[in-house]
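The chains carry the letters A, B, C, D, E and F, assigned in the order they are written, with residues numbered from 1 in each.
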C-alpha cells in the first residue's frame, strides 16, 4: 500500500522529519511518500497561513494520483475537507488522527501546540469533531513552528514544562503533540512522564493503513460528493 | 503482534464469524485470538445483558495475559472501561472503533442495530464519546442478535430496507453495522448501496494494530489507574 | 410502603450507616430494608469495582421481590440501568437523586467525592443525566471509601477544606456529598458552611417515596423493556 | 408540614383542580394550601402571560409567610427564580418537577402541552435545566388552557391522539402532561396507554415533601442570595 | 426612524447616560427616545429585580406606539420575550446585542458586570442565545449598579482590574461591559487596553437601525405570535 | 463610510445583483464597493470550491486598502477568518450576518440553500457560531447557484415550496435565504409567506455599518493577531 504524507508548508526539513516519523510506524510493505507543497507559507500558524497553504496543498495532491490514502501533516487539519472532495481514498489530518487515538487510550487528553494564535483553530476543530469534551486543554508553548527545527534546548524545556503543568493542573491522562514538527519527541516524552504521548503523524499513518485494510474510502454521498 | 478479540456472549457461532472477520483485515504477522466468555448471556441486548456479561468477560480477559491489544466484540462496548482498568495494553470496543472509523471517511453516519431496546445504550455511548453529533440516527431492525445467525433471507431484506431508508431520510453518508453478528455483510452491502459500510470488528482489529504500532497503551493516570 | 436500600459493596458498617441515614428521613410508615451485596468488592472506587459489584447487586435485588421502590446506595449509580430492566418499581441511584435535589435548591453545585479515580465516572454520569452544566466541579478528597469508616479527624478536615475551596473557587451554591459513606455528615456541614449539603441516601429515599406516591414505576417501553 | 401550591393565573376552577391533585398525593400530615394570584391573566400561554402573571404571583407568595415549601403550579415555571430569591424554603415549578420525575423512571419522555405558542418557552426551560436531551419532543394540542376546564370530549380525544403519535413517532417512554389543567388525567391515561404519565402538580408536591424531609432549603449563596 | 430605548429601572440619571450613549452612535436621521419605567426597582440586580421590573417596562412600552424599533437597556435582557410578543417591530436587549457584536469582531469575549448575584442570569442568557461557547467568562466587579453613577475612582479601578485579569487569565479577545451604567466607558477602556470594548446600548441602537433598514420586524409566527 | 462587498466567485452577474442588494439597504452616505475575485471558481458549492476561492478572495481584499468594513458575500462564510487576520476593520460573512439577524427577530429559523453538498458546511458554521440550536433545519433546493441567475420560473417554484414545507414541518419562524444569488427575493417572499425573510447581503452591510458606528474593529489579540 502507498500512503501520501503531505506537509502543506514548504519547509523541507520538516518534511524529512515527518517522513522519518511516518516510516517508523508504517508496516514493512507500506510505501510512504513524504512530500510538501511547492508554494505557500514556510509554516502554518493561524488562520491566514491555514488559508494560504490550500492552493499548494491541492496542487501537490493532484501530482500523486495512484496512492491508497492521504495524510495531511499539518496539525490544523488544513484542507482535509477539500482534499476529501477531490479523491476517493481515505484522507486524514494529523490533528484529527491524534485526537481519535487519544480517546482510545485515555479518558481525557491535553494538546501542546506552538503559538497562542493557533489555539482557537484547534479548539474549533475539536468542537467540530465532537472531541472537545475529551480535551482538558489546548496549551501553547509560544514557540514558533520553525524554531522547533533548530534543536534549541530551551524549546524542549518549554514543552516539558507545559506537559508537567498539564498533568498537575488539567488532570490530563495523555498528551497530544500539536505540531508535525514535534514528531520526533513522542517516545522520549512518553517514557519521561509516564503517560501516553501521541504524535499525529504516527497516528495518521497507522489509521490510514487501518482504513485501507478495511477497504474503506471517503464517502462520495453528501458532503464530499462530486455533484 | 497478538490481538485478543473477545465476544462477551457465549454463542460460539458468533465467535467464529468474528474470528473470520478479524483475520480478514489483520496483517499477516498479527495473531488473532478469537474467544468468548465461558459464562453469561447468549446474546447482549439491552442493559441487563450488558451488565450480566461483565463477570464472564473479565474472567476471559484474565485467562489471556500475553496479548498486545484487546478488542471487545460487542457493539455496546460492554466492559471496555473495566478492562482498561485491568490491563496496560490498548482496549477497543467495536462500537467505539466503528464510530471513529465512520467519522474519518464521512461527515455523517447512521447505525443499523438489532433490537429497539439496544438503541438507548448506543445513543448514550455516542454521546459519551462526543460522536452523537456525527450520527444521523441509530436504527433498529428489531431482528434479535441470534436470528442473524440463522441466515434467514428476511433478515437481509430488513437490514437492506433500513439502509435504504437511512440514505433517503437521514441524509447519511456511511452505514455502521451495529452488531458483531453482521460482520460478514460489510463488503456486499457497501457495493450494493455505493457508500462505505463499516464493521466494528474489522475497525477494532485494525485500529488496535495501529495503536500497538504507535507504541500506545492505556493511560494509567486518572480514570484507568490502579490506585 | 417498603423501600429496598442496597449497598452494592460488602462492607456492613457502611450498610448500617446507610440504613440510619435512610430511616432518619423516611416517613414513619415507610419500611426501610437496608442490605448489601453478599459477594463483590468491599468498596467501589473506579470502573473495575463498578463492574465487579454488578452480579452481587443483581442477586441481592432478586432476593427482595415485594418492595415498592429500590435505592442503589452507591454514588456511581452502578447497575441502575440493569436493575431498572429487571423490575417494575422505581429505581434510583443515590448519585442521581442527589444531583436532582441539588438543582431544585441551587443554581450550581459541587460534588466532594473520595478518590480521583472515581471522578471521570461521576462526570460521565452527570453528562448523561444532562446535569453536567449545573455542576461547578467534582472534587476528590483522595480519601479511600473505607477510610471514611474509621472516624479519623484528618478525614473530616480534608472534606471541610474541599468544601471551603469549592465555595471560594467554584462559586458553588450547594454541596453534594459524593459517597454513601458520608451520609452522616450532612446536617453538621450544612450548618457550619451556611449552604445546603446534600446526601444521596436521604435524597434517594425521599424521592423514592415521592415516585411511589405518584404511582409511578419504571417505564417498560423502550430502554428498560423486557423484550 | 405546610405546602403552598400557587396557581399563578386567576382561574379558580383550575386552582380547585390543582388542590385536589395535590391532596391526592400528599401525605396525611401535609397541609396543602392551594391558592391563586388575585390579579393577572386568566391563563398563561406564551411569553406575555408568563411576564404578566409575575406581580400577582409574588404578591400571593408574600401573603403566606409560614409555609415549608412552595409549588408554583404553572407548567412554564413562571417566576420560580424570583420566588427563590424571596424565600428560604424550597420552591419548585411543576414543569421542572415533572421533568425530573420523568428522567427517574424513563430514558426519554415527551411533553403534551396546550398552545404551540407555549412550546418555545418549555423547550427553553428544558435546555436550561439540562434535560432537553431526555425530552423526545414537546407536542402542542392547540387546545387553549381554559378549554381544558370545559370537559369537551374532543379535548380528551386530541390529547390521546398526541400521546399515541408520541409513542409511535418519538419512541417516547413516558408522557409529561404539560399543563396544570391536565392534573386529573394522569391515572386514566397511564392505564390506557401502558406507560408512565406524569403530572407536574403531583410531582411538585411530593418532591417538595422530599426536600423538606431532607431539611433542604433554597441556597442563599449566589443566584438566589439577598445581597 | 424612531428608536425607543427603555431603561427598565427608575433611575433617571442612568436613563440620561443611556440616552447620550444611544445618540452618540445613532445616525443623524434617527430619533432616539430614551425613557424609563415609571414604577419598579431603582436598579436591576438578580432574579427578583428582573421579575419586578416587568410591569413597569410593559407599561412604558405601551405608552410609545409609533416607534420603529425598541431597545431594552438592561443588560439582563429583562422582558425582551414579553415585549416581542406585544409589538411587530424589532426588539433588542442590550446584553443580546453586545454578545452578537462581540462574536463579529473576536473569537472569544469576556463580560464585566456588577454583582455576583447577576452572573447566573447572564450565563443563562448566553446559553439560551447559543453564545456561551464564545464567552470566556462572566466576571463580577461586585460594584452595585447605582454605585456606578457616583463617579468614584475606586469603581473605575475595579473595572480596569477585571479587564486586565480577563486578558491575562481568560485569553479573552474582547470585553463586553455588562451594565447599561457603564455605557460611557467604552472608548476610554478600548484605547487603554488595546482591544475592542463593547457597550450594549451602542450595539443595541445600531443593530436596531440595521434591522429596520432590512425591513425586518419580530416574527409573528410561533413564539411571539398573538394567538 | 466605505464598505467593501466581495463576491468570492468570478460570476459578475452575481456581483451586480449583490451590489444592488447592498445599496438598497445602505445609508445614503455609505459607499458600497461591490467587487469579485479575479480568479477562482464561478460558483461556490461544497468544500472544494470553498477552498479554491481563497487565493482570489485574499488578492481582491489586498487591492482595496482604504475601506471601513468588509462583507464577504458568500453564504459559506469562506475566508472570513483569514481576512480577519489580514485587516483591522470589521469583517462579516453574509451567512453569519443573516443567522445573527434571524435570532434577533425570531425564536427559530430555517435556511434555504442551493445544493445538498453545501448543507454540511453551513451546519458546521452554525455549530461553530453557537447558533445551530436556533436553526430548525438547513434545506437544499438542489438548484445550482448559477441556475439562480437564469430567472427560470421552476427555480422560484422550488424555493417557495421549501419555504412552505419549512413553515409546516420545521415550525420555523423566519427564513434565511442561503445564497448570495437569492438577494433579490427577500421582500417578495416575506410578503407572500407572512414571516421575516432574511438576505445575508442586506444583513451583512447593515451590521457592518453598525459595527463601524460603534467604532469596533476586528480584535488583534488572540485568534486574529498578526504575531
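Here, a residue touches a chain if its C-beta (ideal position, glycine included) is under 8 Å from a C-beta of that chain, and two chains touch if they have at least 3 such contacts.
Here the structure is a predicted model, which is why all the values come from computation and not from measurement.
Student: I need the common contact partners of subunit B and subunit F, sorted by label.
Tutor: Chains that touch both subunit B and subunit F, as defined above, are A, D.
Student: Quick check on subunit C against subunit D: do more than half of the interface residue numbers occur in both copies, making it same, or fewer, making it different?
Tutor: same
Student: Pick from B-D, B-F or C-D: which pair repeats the contacts of E-F, with over half of them the same residue pairs?
Tutor: Repeat interface, by the over-half criterion: C-D.
Student: For subunit A and subunit E, what's the span in angstrom between their mean Cα positions?
Tutor: Here subunit A and subunit E have centroids separated by 43 Å.
Student: Between subunit D and subunit E, tell me the centre distance in angstrom, where each centre is the average of that chain's C-alpha atoms.
Tutor: The answer is 32 Å.
Student: Can you work out the whole-Å distance between the CA centroids of subunit A and subunit B?
Tutor: Each chain's C-alpha centroid was found; their separation is 27 Å.
Student: Where does subunit D touch two or more other chains at once, residue-wise?
Tutor: Subunit D, residues with two or more chain partners: 107-108, 116, 119-120, 127, 133, 171, 222-224.
Student: Which two-chain combinations touch?
Tutor: A-B, A-C, A-E, A-F, B-C, B-D, B-F, C-D, C-E, D-E, D-F, E-F
Student: Write out the stretch or stretches of subunit C touching subunit B in their complex.
Tutor: Contacts found on subunit C: 46-48, 50-52, 54-55, 58, 79, 81-82, 84-86, 115-117, 119-121, 124, 127-128, 222-225, 227.
Student: Applying the document's contact rule, which stretches of subunit D touch subunit C when the two form their complex?
Tutor: It is residues 25, 27, 90, 92, 96, 100-101, 103-108, 129-134, 167, 171-174, 187, 190, 194-196, 198-199, 202-203, 206-207, 209-211, 213-224 of subunit D that touch subunit C.
Student: Can you check the complex and tell me which residues of subunit B touch subunit F?
Tutor: Interface residues on subunit B, with respect to subunit F: 107-108, 133, 171.
Student: Using the touch definition up top, name the residues of subunit E that touch subunit C in the complex.
Tutor: Against subunit C, subunit E makes touches at 116, 119-120, 127.
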